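The same chain A turns up in both complexes below, where it pairs with chain B and then with chain C.
Let's look at the complex of A and B:
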């Protein structure tokens, strides 16, 4: 029983960051119809910036995460303006190829700049775990969970309650009609991509101190983000949030009770199972497939 | 000059190469490039002629490599049955065609699964499939030896009049073997895309609802194309196993799929010669860049190369040159017809 609680807690902590990653990816797909292969690289970018700011420049830890978020936003905006805006009317495969090219260039750029050796981001939190009855958790992980929950709520409020969120939802439902109603669709696209990239960079900056930072860390995370998005249904933000937690719990319990070697394979098994059983995702509305 | 004469000349030139070019290093490079060209030809069948982007093509390649290696080496594995499964070493050609069959079977399963939904889903399913395969190859040590790799894989051999059964071990022999398999695969795909199947594939790539309405069985043809494509990729993988003679889980790496995609897209997807031209360029480019740039920089150049090709040569090199040769405004420099998403 204690073990179940411990795995559950670990899963929830990891799930928060997975949800952040999934939301960014699903938002970009839902609004822009772009399969964003650079998402995992933005995650790695955020982690490396955390390393740069905290370990090399000795900036404040919390300030560093905020700076990484801003830098992710800026890089996302640049990618959108330079690569995606000119191809806005091209088909999804063409755009996908460009994103693959950008992914390879970014990842190897990171390798070139930082080298292949994994980096450790120091954190200001104590290394002793906090013990709550049967379960224990590192303070850093609790902090990560708190930040992700705040961001998730803030993001919902943004989408649900603001004029900007309304414009994004309108673009999601029908781009042309939204444009006719005076929504600046081009601006929404840039902002969406920048926001999604920023979320990935924050996730990287938050997980950087927990895991090691290395140039290929974005690959697996990018693929997992796809698994989360498929689980929740492409373009579905609530689905991606739930999907993030579900995947993290599946991984935690799978690694704990089945096989820790195959930990990272569970996500892909989930993809294949979802597509075999319910291809539109578990939380999708009808008629949004493909 | 008709295409047929050109093809014959190209094959004759390629076949005579080891007779006048005696650099064994370059021949080895050409052999491995040839193996990737075969894989790119198989990817082109899906990407170019059906419009479905398989980003797990390295999985079929890797399954072919592992199957052929394991069958020719023999293996025993305990899968929970009362007695372990023991497979004695098989002759290499039996292993080779076994690999083709197993890869084709996986193609069938993935095709059946993924074509219930298409587009982005197909891409992600194929990526996930390749990643699962890599983890199986890494972790199922009893079968695959994991990161220790399968070693001492026997080379392929042929029966030659006068000298009996000879193992293809020298560089020119391996080169000719790859060339022969490549030519067979090329003409297989060429024949297929000109047949009823190929016309059905192009019809549904261009306009699926219309194709469906005139009675083209969309899913059926997509699955057929996936099976053939996976089988050819498996043949390329088996060639790799018997030429390099060592197979490790890295054959499933995503970067190999990306290499194939670059070859197809730069050469010209949906053209028969495209993967060959793109494959020669991107297979030999790393050798040209070797020593001048570290691997990361090469990959950065690759990545930017893809972006530039999509922006400036959206249809690839082969269509651009075909148009130039006919002294027309190159069609390839115009953007393809825009389709509202």
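Let's look at the complex of A and C:
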């Protein structure tokens, strides 16, 4: 019984970061119809920045995460402006190839700069786990959960309550009409991509200290983000949020009770199941962006 | 006139370049510099680099300098095979060192027979490597069986004594082999064997395996995997408040935990084949001192000395064999390796025959050390 609680808690903590990753990716796909293969690399980018700021420059941990988010935003904006904007009228295949190329370039760039050896990001929290009855959890993980919940709420407010959010939803529903209504569609695209990248970078900066930071860490995570997006429905933010938590819990309980070795495979089992049973995603009826 | 001068200059440069190229004897290095086990591969390669520098500073071998040709096998057995072929075919190395993990080494072994080039195995521990009838394999690292047997001699230094052992291994030849050998050795001394959990080499979240181990209620957990996963296991085991003592096998040492120590009171034990914290107690301290001093001069990570020595000893072994052979030619080196005896950083290096008759592989019998890491400090347990 206590194992169920422990697995549940681990799943919820991980689920928060997965939700951030899923939202970032589904936003880009939903609004821009771009298959963003660089998403995993922005995650790794965020983790390496956390390493740079905390371990090498000895900046404050919390400040470092904020800086990593800003840097992720900036890098996302640069990718959109330099690579995607010139391709706006091209078909989805060309864009996909460009994204794959950017993915390879980013990953090898990271390897070139940091080397292949995994890095450990020091955490300012105590190393002793907090104990709540049968469940124990590092303070760092609780911090990650708190930050992700705050970000999820903030994001919802952005999409639902602000003019910017309304512009984004409009662009998603009908790009041409939105343009006719005076929405700066090009600007929305850049902002969306930058925002999605920023979310991936934050997720990386948060998870970096829990695991280790290495150049290929983005690969598996990028693929899992796709699983979440498929599970939740393309462009469906609520779906991505729920999907993130669902995937994390499936991984946790699957690894705990079915097979610990195949933990990372559960994401792909989910993709197969969803595509076979309900290809539009489980939450398609609940509405799209927002 | 000028046209001819250009050609003369070019010809002279070309001649000088080729003459320069002919002056070195090449030794191939096939190690994981990127990927899941990049930390260890990088340490081994750095140790090899120091070995080459020391040899060259003493005049090289057979009147020539040695040159390391380093290929990254990306922690992947298929890449290891490609790297080996590149070294043999493109760089024409007469001898190779590698490939770190037992899985990569086993993948490379058929190529040794195909092309007839000897391989000095510096880290891999699977028994299969020296008993599968490959006469081009010479191993200076211990098999898991040797490591387990040597560990038994230190069993009494654990207080309270180990009564029930659990295992957590990476699920490849290295991990599974080590778990099996240690279980066998411990069982022979009356230790009860608990659960055996495995993980993929790239896995970062081991909470599921650790939860199962925690339920098992053993008092020692033997962990066999690379440095990266050892670090993750120790951190996550502390988080789940595992009661088992953690003992790592295979020579991996979580160097980053010296600067980033685990929780207070938590200690882990590591079976090493060289302990830089007690280098003066090595079998040949003068040999160890040269290696350690050169490493420290480069200001490399101190804990990397625990694995770098493998590259160092491997290079020294190759050079000694080349000297005995009298020429940098693969088959001559292979025959010379059987006669090679030297004092390494780990101890004596000399090859005994293992495997089916007529196709024996060479195996050296190394020493084993145990250290304890507690709150960022390393001591003898």
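Going forward, the second predicted complex is superposed on the first by the 285 of 290 C-alpha atoms of A that agree within 3 Å, B and C clash if a C-alpha of one lies under 4 Å from a C-alpha of the other, contacts with A are read in each partner's own complex, and residues count from 1 in each chain.
In this section, contacts are C-beta pairs under 8 Å (C-beta built on N, C-alpha and C of every residue); 3 or more make two chains touch, one makes a residue touch a chain.
In this text, all values refer to a predicted model and were calculated from it rather than measured experimentally.
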Partner chain in contact with A:252 - chain B first, chain C second, else both or neither: second
First (chain B), second (chain C), both or neither touched by A:271: first
Partner chain(s) touched by A:33 [first = chain B, second = chain C, both, neither]: first
First, second, both or neither for A:101, with chain B first and chain C second: first
Touched partner set for A:128, first chain B, second chain C, both or neither: second
First (chain B), second (chain C), both or neither touched by A:111: both
Comparison of chain B and chain C by chain A residues contacted: B
Contacts of A:226 with chain B and chain C, given as first, second, both or neither: first
Partner chain(s) touched by A:81 [first = chain B, second = chain C, both, neither]: neither
Partner chain in contact with A:261 - chain B first, chain C second, else both or neither: both
Shared chain A surface residues [contacts with chain B and with chain C]: 111, 261, 264
In the complex, chain A residues that touch chain B: 29, 33, 35, 83, 86-87, 89-94, 96-98, 100-109, 111-112, 219, 223, 226-227, 230, 234, 259, 261-262, 264-265, 267-269, 271-272, 275-276, 279-280, 289-290
Contacting residues of chain C [partner chain A, same complex]: 32-35, 38-39, 41-42, 72, 171, 197-200, 202-209, 211-212, 215, 228, 231-232, 235, 238-241, 256-257, 259-264
Chain B - residues contacting chain A, complex: 51, 53, 55, 113-114, 116-121, 123-125, 127-129, 131-132, 135-136, 138-139, 254, 258, 261, 265, 294-297, 299-300, 302-307, 310-311, 314, 335, 338-341
Touching residues (chain side chain A, partner chain C) in the complex: 3, 6-7, 10, 14, 111, 115-120, 122, 126-129, 131, 136-138, 141, 211-212, 214-217, 220, 251-252, 255-256, 260-261, 263-264
